[in-house]
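Both complexes shown next keep subunit A, but they swap its partner, so subunit B is in the first and subunit C is in the second.
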Partner chain A sequence: MIVKLIGASLILIVCTVIGFEISSRYRQRPKQIRQFRTALQALEAEIMFGHIPLKEASIRLSKQLPSPINQFFDHFSRLLDISDIQVKTAWNNSLENITGFTDLKKSDIEILSQFGETLGKHDRYQQQKQIKLTMAHLEREEDEALDLQGKYEKMVKNLGFLIGLLIIILLI
Partner chain B sequence: MGIDVGLIFQIAGVGIVIAFINTLLEQINKKEYSQWVTLFGFIYILFMVAQILEQLFTKIKSVFLFQ
Partner chain C sequence: MLTIHLYGIKVVLERETYMQSVLSFLPKKIATLLRDLPSEQLDSIEEIRIRIGRPIEISTGSSYTLLPMVTSTEDASVLLNQLTRFSMYTMEEELKRGYITIEGGHRVGIAGKVILDGGNVKAIVHISSYNIRIAKQKIGCADSLFPYLYSDSWLNTMVIGPPQSGKTTLLRDLARKISEGDERKRRIALKVGIVDERSEIAGSVMGVPQLHFGPRIDVLDACPKAEGMMMLIRSMSPDVIVADEIGRSEDAESVMEAIHAGIKLMITVHGNSLEDILKRPTISHIIHQKVFDRFVILSRRQQKDFQYIILDETGRKLSLERSGLR
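Let's look at the complex of A and B:
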């Protein structure tokens, strides 16, 4: 009886935790997109008003920004230290580096990597236009992510718990 | 009789949980999934009921046909 009870509670806890994990993915995505937007805004300010080289700008950004995003800029600035690397390659490489521990979707990453293509190719005003464009894209993605969050976050949480309960009832 | 009470509770539990999952799925307009969930729950309970009915029939047979 005791063993049964322990097993049942383990199943319930595991299913609930899985549900919470998936729902936190829905919660984190709009947050991280917003962080990237702030990062781009800061980058625009650094480029337009600070006249700072990209490497130092990204070092600054990595110090300013919150956790998952600052690792991206940290990695990016360290890659730019390597002498003969293209900005585009460094940007894409850093993006691949953070896909593992952020909850961004493929489409978000794609927008950012398209921005990376333009980085360092134009003069300041062209660059500003590109940043504005990317920010508009990201805003659209954020709206969509918020929509999904409102729809699925609570549902997934409850569903994890209920499926755990169902498994227990079926196994008893 | 002891086993039967547990079984009835099990059926009730499955029904409640499936009803919850159903309402959750219908809230987010996933009618097709909710129908599948209902169907599978129904089939599962049907199988359990069939097993109990089989026990009942063998018991009746053993009473009236003296097997």
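Let's look at the complex of A and C:
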């Protein structure tokens, strides 16, 4: 009997944890998109008012921003030390580097990667336009992500617990 | 090898360091190609010209050599990335003027497609030619002139010469010497203000002069001369103002202003002789006021030497034609 009880509670715990994990992805994605938007806004200020080169700007951003976005800029600024590299390559490589530990979707990454294509190649006003455009795209993604969060976050959380219960009932 | 005294500390400059800072900027392929050149040839390079789709040219002023490597678009874009430090947006002013000053005081001239805005040059895009002019500071090149230009105090001096005769090189060394003073304290170091419209005298990067000067130096980088001279007079209380290529009428006004404010001037003017520049209305106006005490006339240099004659305020020769190490 005791063995059965322990087994049942283990199943319940595991299912609940899985539910929480999946629901946290729904919560994290809009948060990380927002962090990227904050980062772009800060980058815009560095470019428009500070005239600061990309490398120095990235180092500053990596110090100001919360994890995991700071790791992106840290990696990016390091890559810019390589002499024969292109900004595009460094940017994309840094994006690939963080996909493992962020909850951003492919479409979010795609927007950011497109932004990398133009980075550092234009004058200040062009650069500002590109940043504004990317911010607008990201805002749309964030809205979508918030929508999904509202719809599924609670549900997935409950679903994990309930599936656990279902398995226990079926096994008994 | 070159020994100079910087703030009383003996500094040994190796000649290669000039080249080293340039090579670190170039794409690897081009840098290796240049490193393989014999060291005398590498030392004598004055310009490295890189053009998309054409062989690399190195020139020594009087002669040129084409290197067996054609620059590709990728090489050029790597070079541009290095020059702008991956950030075109920090170079707007530079792209408008057509050159970028890099660490070490070297200047990179650029040419390509020009974009206009209301009839004025807005920027150069699609850059196809780069001309890297190596800054070689000839420390001590003005030494033999000092006896003529100094009596109790520095005299207002105008350096006259055709292009590539070494006017700016001479002016730079004068500025260094004045701001450094004399080791035996016969001449004390004076506050020198440089108005460096074309970033050529001090070769500043982010406002910091890259070439060697004494401790008492202030540089207004990339500032129009006329305005710059007035700004220095108002705010920096210089003893001596150094400016390059005086020519426009507003420059002349500022020159008079500075002299009447009791500031000594060291300036250069384009021209072959004193008679030559007297034909230019703005300059002849200044000269007729008899405010300049010394004229140094440079003639186009032969090999590495430069040749000069010094005239006093009335146009009388003070020295025979001489040549010094340039």
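Just so it is clear, the second predicted complex is superposed on the first by the 172 of 172 C-alpha atoms of A that agree within 3 Å, B and C clash if a C-alpha of one lies under 4 Å from a C-alpha of the other, contacts with A are read in each partner's own complex, and residues count from 1 in each chain.
What we mean here is this: contacts are C-beta pairs under 8 Å (C-beta built on N, C-alpha and C of every residue); 3 or more make two chains touch, one makes a residue touch a chain.
Note that the structure is predicted; figures quoted are calculated from it, not measured.
Chemist: Given the alignment on subunit A, is it a clash or a fit between subunit B and subunit C?
Modeler: With subunit A aligned, subunit B clears subunit C, so fit.
Chemist: In the superposed arrangement, which partner chain does A:I169 touch: subunit B (first), subunit C (second), both, or neither?
Modeler: Only subunit B is touched by A:I169; subunit C is not.
Chemist: Just subunit B (first), just subunit C (second), both, or neither: which does A:R60 touch?
Modeler: neither
Chemist: Once the two complexes are aligned on chain A, which partner has more residues of subunit A within touching range, subunit B or subunit C?
Modeler: Tallying touched residues of subunit A, the top partner is C.
Chemist: One more residue to check, A:D123. First (subunit B), second (subunit C), both or neither?
Modeler: A:D123 sits against subunit C, while subunit B stays out of touch.
Chemist: Examine A:N158 and indicate which partner it touches, taking first as subunit B and second as subunit C; both and neither are also allowed.
Modeler: After superposing on A, A:N158 lies in contact with subunit B but is clear of subunit C.
Chemist: Return first, second, both or neither, reflecting whether A:R27 touches subunit B, subunit C, both chains, or no partner chain.
Modeler: Touch status of A:R27: no partner.
Chemist: Based on the superposed arrangement, let me know which partner A:Q86 touches: subunit B (first), subunit C (second), both, or neither?
Modeler: In the superposition, A:Q86 contacts subunit C only.
Chemist: Can A:K105 be said to touch subunit B (first), subunit C (second), both, or neither?
Modeler: Touch status of A:K105: no partner.
Chemist: Once the two complexes are overlaid, how big is the angle at subunit A between subunit B and subunit C (Cα centres, nearest 10°)?
Modeler: Once the two structures are overlaid, it is 170 degrees.
Chemist: On the overlay, how many Å separate the closest CA atoms of subunit B and subunit C?
Modeler: 48
Chemist: Which bits of subunit A are touching subunit B when the two form their complex?
Modeler: It comes out as residues 151-152, 155, 158-159, 162-163, 165-166, 169-170, 172.
Chemist: Can you list the subunit C residues touching subunit A in their complex?
Modeler: The contact residues of subunit C facing subunit A are 27-28, 77-78, 81-82, 84-90, 92, 95, 123.
Chemist: Contact residues on subunit B for subunit A in the complex?
Modeler: Against subunit A, the touching part of subunit B is residues 6, 10, 13-14, 17-18, 20-21, 24-25, 27-28, 44.
Chemist: Which residues, counting only subunit A, touch subunit C once they are in their complex?
Modeler: Listed in rising order, the residues of subunit A that touch subunit C are 47, 51-55, 80, 83-87, 120-124, 127.
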